[in-house]
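Got a structure for you, written out below as structure tokens; questions coming shortly.
Chain naming follows the written order as A, B, C and D, and within any one chain the residues start at number 1.
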Amino acid sequence: MLLDLEQVTLRFAGNTVLDKVDFGVEAGSLASLIGPNGAGKTSLFNSITGFYRPQEGRIEFNGERILRRKPHKVTQFGIARTFQNVRLFREMSVMENVMAGMHCRTRAGAFGAVFRTPGQRAEEQYIAEVAHDCMKFVGVDEYADRLATNLAYGYQRLVEIARALATQPQLILLDEPAAGLNGTEKAALVELIRRIRDERNVAVLLIEHDMGLVMQVSEHIHVLDYGRIIAKGTAEQVKNDPKVIEAYLGQEDEEMAL
Amino acid sequence: MKNGMTALASAVALGLGLSGAVQAQSDRILIGVQVPTTGSEATYGQDMYNAAELAAEELNAEGGVLGMDIELINGDSACDPQQSVNAAGNLVSRGVQGIVGGYCSGATMPTLKVYGDEGLPFVITASNSTQLIPANPGNAFMINSTGADQSKKAVDFFESQGVERLAIIDQGDSYSQDLADLTADRWESMGHEVVRETVNKGEQDFSAVVSNVRSNDVDAVFWTAYYADGGLLIRQLRQGGYRDTIAVGDGSNSPQLFEIAGGAAEGVYAFSNPTAEFLPAAASFIENYRAEYDQDPGPYAPLNYDGLKLLAWAMEKAGTTDPAAVVEALGTADGESWLTGPISFTDENTLARSNFIILEGEDGAWTYFEN
Amino acid sequence: MPAGLTAPAPVRFNAGYGGLGMPALETFLQAIVNGLVLGSFYALIALGYTMIFGVIKLLNFAHGDVYMVGAFVGFGALSLVSGVVGAGWTGLFIAILISMVAVGFLGVIIQRVAYQPMLSAPRLSILITALAVSLVLQNGALSLTHGKYTAFRTDLGFGGFEFGRLFISHQAMVLVATAAVLMIALEFFVSRTMYGRAMRAVSIDKDMCRLMGINVNRVVAITFLIGSALAAAAGTMAGAYYGSIWYFMGFLIGLKAFTAAVIGGIGSITGAMLGGLILGMLESFGTQIPWIGSEWKDVFTFAILILVLVFKPTGLLGKSEVERM
Amino acid sequence: MIDRLYAYFDSPRRQTILLIAIVVLMALAPLVMGRYMTTIMTNALLYVVLALGLNVVVGYAGLLDLGYAAFFAVGAYSIGILTVQFDWNFWLAIPPALVAACIAGVIIGGPTLRLRSDYLAIVTLGFGEIVRFGARNLEITGRATGLSNIPEPNFFGYVISSYVDFYYIFLLLAIVAVIASHRLYHSRLGRAWLYVRHDEDAAEAMGINRVRVKLAAYVTGSVFGAFGGIFFAANLGAISPESFSFEQSVLVLMAVILGGMGKIPGVILGAFIIILGPELLRNLGELRLLLFAVVMLLIMLLRPSGIWPERRH
């Protein structure tokens, strides 16, 4: 297992948001996390990436304990993420946005910057190269100098993925990457997710409400309800699991359009 | 209106400064007056400026100095070190041939170097911190008695009042801390007890100090800083039930102390440089000052008046405005009596003779207590 | 000359209380009295910080200067009414009321002109705006008064009760009582009236209030009105109590009142009152510690502020903020 | 109009030409300036250094620092104490002064960076005041009188002493500060400051250590401030606590805000306005500070990005 969660419990002011969650993602796999609204999916993401600090349990990544580590540490270990509502550095260029991902893989400081040491210059070059590579990979390289905020929403999502890829992760967490995208864009996204795994050998864990997309790309699906994993398996297995159907029937909205 | 004109004039002067050559015109002598005409001490500063203006007018009416008219330039120090350095640079750039003034010691200190570099004669009329003495490059002369003189006066006074335990309160600035240090050292060396306190400028509540004064059972309180906070302190001491002697240093000898302290300032003693109303020679000065400015001269007016006259005297004596010659002439001041008394200088360019007097607050005004 | 000032020096107690002449009990009681007076000022000002922070999450840097303006308006009002009712207690109470009303509206104007347009701007911008408002008020007063102290004269006298070495002036007692009345009135307003409840609701969730039809803007305006009026009352009382006012009088006390609000837990009204009292007492007793000279008094306060902010930013009664994200 | 002017100078090449022209002009200026004007310009150049330093903290990293004068004080007092109290050579005293400033940066920044921005502002204000109270009450800092007779630096036999010498020293410092600011801005660390300022959470998710990056901003800012303080002390020959008051911090902050946070030319412009403005209006007395305060308020309300704001397409 690349990522391994055991008995993770998270409480907020007395409410149990995650309840003894056992969960795992294998290296180089495509996995999804689904569940009704408020099931705790994003909380689980935040717990993995260090933004929340679960009270109990164990989270390991590559055999390294990452529970309650600071978010930037988790990223350094090799987990990258995107956000549910795109969080780019809006007033900065696409290039600068993607360069952010390289921060944790480089080290020049104030001294190097002020004196333009050879090491620092080589590093800047390296950062630019990787950033270009990542922009090209997701297909936003032609917008490199545009301000992020001036990009169409679909492209902003792509920039966010490029930025996450620039951290050179082994696992990437995508929080509802298809939200707000049209049909064509969704198709391209499916393609991109597959390429991330196939060409870069990066495992992908997805939170997504679009069941069509989930069923299309996922090799493993985990279903979360009321902070508990109620089912896991392949698309077929999950689709027919009575507990899952019951959970989704509880709320009669768009999610039922399996 | 006057302000507007001078603003314009100084803007023009600044422009001239850019083009470099500001030379003094040969038919007049420019003298810089470095006093705080803005800021918290502006009352004193404006007063001192007026006195210098009065002296200049009198000199000019009598035919000027070396046949030339004297013209004053205001170098507002605002009682702030940085501003006063700028002001000093301004005065030097505009070609002054001498400077009178210097009120807040902290603000006077850094200007010593500016005038020292140019070797310009600088008659320091009010600042009297002993810290100024070692920093003096030799071109400055202090015609106000120093803090050392004042502390001696103070100690003698407290001794005569039978004081044993003395509370000394300063305000954490150069002038008042210096006076407090000197007095404390002297008082302790005489085998008495000292309670030291400091209040921070800008603080209104002195209840902590008052409690300490009361709980330490002191026989007298000596406030070494300026009148504005002094008034607050005196008031709160009395409000807090303290009833023994209170004395203040020469930074608090202003009539405004009574405005702020109200009735609480009755019976307070002040060590003071000679103020106009208690100087026998100053009767006509007061009269002229009142006629000109429609108010009473403040405590430092006579000193600044003397400062300008002394500088003029030195120029006459040297027969030139050449700075080095004027500085040398100043050093030879021979104890002739001026408005504030005889002036001659020690090796350190300080006033040879202490000129402190003691005042007492009575019916909302200062009255002469003893010499 | 006020009675009692020329009385002969009281009989001295022999030292024997750790070098202190004054009996420890009296020192202790006097420190409590001093702490109460200081604490009343801090609490009245801290309330403004806390209330304004509650409704718009803004640290109103200008609040200390509102207190200063309150003192000057109170001074002006007293000069006006003293011809009719004299400069005694009646005159002073009228002056306080006038100052509260006038400065209360000044607070609303400040909020409307300077803060309202900035509410959606980055946090840094609105903070700097608040700093700018503070500087405008301060330097405006500086220009009007030429930086001089203005004597605030009243006919209140220096009388008081004396128990041995313990001395409590009449002024101090009235001051503490007035502060208490104002705070009780505020507590009543906040807990019992419609606007008070709306104020609490707005501080919890503004958007929800809008949905429920609460006029959020008006609630914010009323908060500024009350907060500023309390500061004005404190300013006028301080002027009368200490006897002089000047343009810079709001700076230090503003910082300290903010410290008080933080100690009590910013956002909490009871916390602000409690924090004011605690800080007043801390200062009053802290400066009695022999090895902390009075010159370190303000350092002492700042140190408390920093320690509380770093180690318990929610203060005594504040609620912890919602987790990030 | 003005925007077109800025647009014209938006190209890096034109900016470089403009910059070189300004530097040449500034280098020749003392030939025609009187003592007063030179002194004032020296002061303005000092403010350029200070404002660029504060700009790293406020403009780049977005941390409101109301106690910047403290760093300035640490530099000035370190030099003062080492040269006056311990008779050190001026140049030898510079490295320890810089180290002291870095330590001060860590002490002030370290424990406070977890705070929300408005708390941070007030805590830095408190620290600034503590430094000033400390300077005023400690024996080693010369208490209220401060330290005087700070020796004039001797540069390989040449004694740096006249006001013109110091003008050139500060011109050099300002140029170095501009280059350093520029290089920092276009570096990994500079970008990290912007990321953290724009969105802390997203920055952290990118593996950026928020606390460390902010701390780097404080330390960098304090080194700028210390350089200013070191030569400020040498220039005046005497320092006292009142030069490091809250007002000083506010003036430097005003320079940053007037010019436009984050943008180097704007900040330089702001520093000059802050120093030259009051001198031109010297006889306005107290009104000039009011004028500044009103301008600052209007800028925040009407043109929050300053006179010469950061421009991005």
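In the analysis below, contacts are C-beta pairs under 8 Å (C-beta built on N, C-alpha and C of every residue); 3 or more make two chains touch, one makes a residue touch a chain.
Just so it is clear, the structure is predicted and the values come from calculations on it, not from any experiment.
Enquirer: Out of curiosity, which chains are bumping into both chain B and chain C?
Expert: Per touch definition, common to chain B and chain C: D.
Enquirer: Chain with the smallest distance from its CA centroid to the overall CA centroid?
Expert: The most central chain, going by mean C-alpha position, is D.
Enquirer: Which chain lies the greatest distance away from chain D when centres are computed from Cα atoms alone?
Expert: A
Enquirer: With chain centres taken as the means of their Cα atoms, state the distance from chain C to chain D in Å.
Expert: 34
Enquirer: Roughly how far is chain A from chain D, going centre to centre by Cα mean, in whole Å?
Expert: 41
Enquirer: Just give me the whole-number Å value for how far the CA centre of chain A lies from that of chain B.
Expert: Distance between chain centres, rounded to whole Å: 72 Å.
Enquirer: What is the distance, in whole Å, between the centres of chain B and chain D, each centre taken as the mean of its C-alpha atoms?
Expert: Taking the average C-alpha coordinate of chain B and of chain D, the gap between them is 34 Å.
Enquirer: Where in chain A do residues touch two or more of the other chains?
Expert: Where chain A meets two or more other chains at a single residue, that happens at 51.
Enquirer: Show the residues in chain C shared as contacts by 2 or more other chains, in ascending order.
Expert: Correct list: 146-147, 251, 293, 295, 298, 324-325.
Enquirer: What are the residues of chain D that contact at least two other chains?
Expert: Where chain D meets two or more other chains at a single residue, that happens at 133, 136-137, 201, 285-286.
Enquirer: For the complex, give me every residue of chain C touching chain D.
Expert: 58-59, 113-114, 117-118, 121-125, 127-129, 131-133, 135-136, 138-140, 142-143, 146-147, 251, 255, 258, 262, 293, 295-296, 298-299, 302-303, 305-306, 309-310, 313, 324-325
Enquirer: Enumerate the contact residues on chain D facing chain A in the complex.
Expert: Touching chain A from chain D are residues 179-180, 183-184, 187-192, 194-195, 198-199, 201-210, 216, 219-220, 312-313.
Enquirer: Which stretch or stretches of chain B touch chain D in the complex?
Expert: 3, 6-7, 10-11, 14, 16-22, 37-39, 76, 80-82, 85-86, 89-90, 92-94, 105-106, 109-110, 113, 117, 129, 131, 134-135, 172-174, 176-178, 198, 200
Enquirer: Which residues of chain D touch chain B in their complex?
Expert: Chain D residues touching chain B: 31-37, 39-40, 43, 133, 136-137, 143-146, 148-149, 162-163, 236-238, 240, 242-243, 279-286.
Enquirer: Considering the complex alone, what residue numbers of chain B touch chain C?
Expert: Where chain B meets chain C, its residues are 38-40, 42-43, 172, 196-200, 202-205, 207-212, 214-217, 219, 228, 231-232, 235-236, 238-241, 243-244, 256, 259-264, 266-267.
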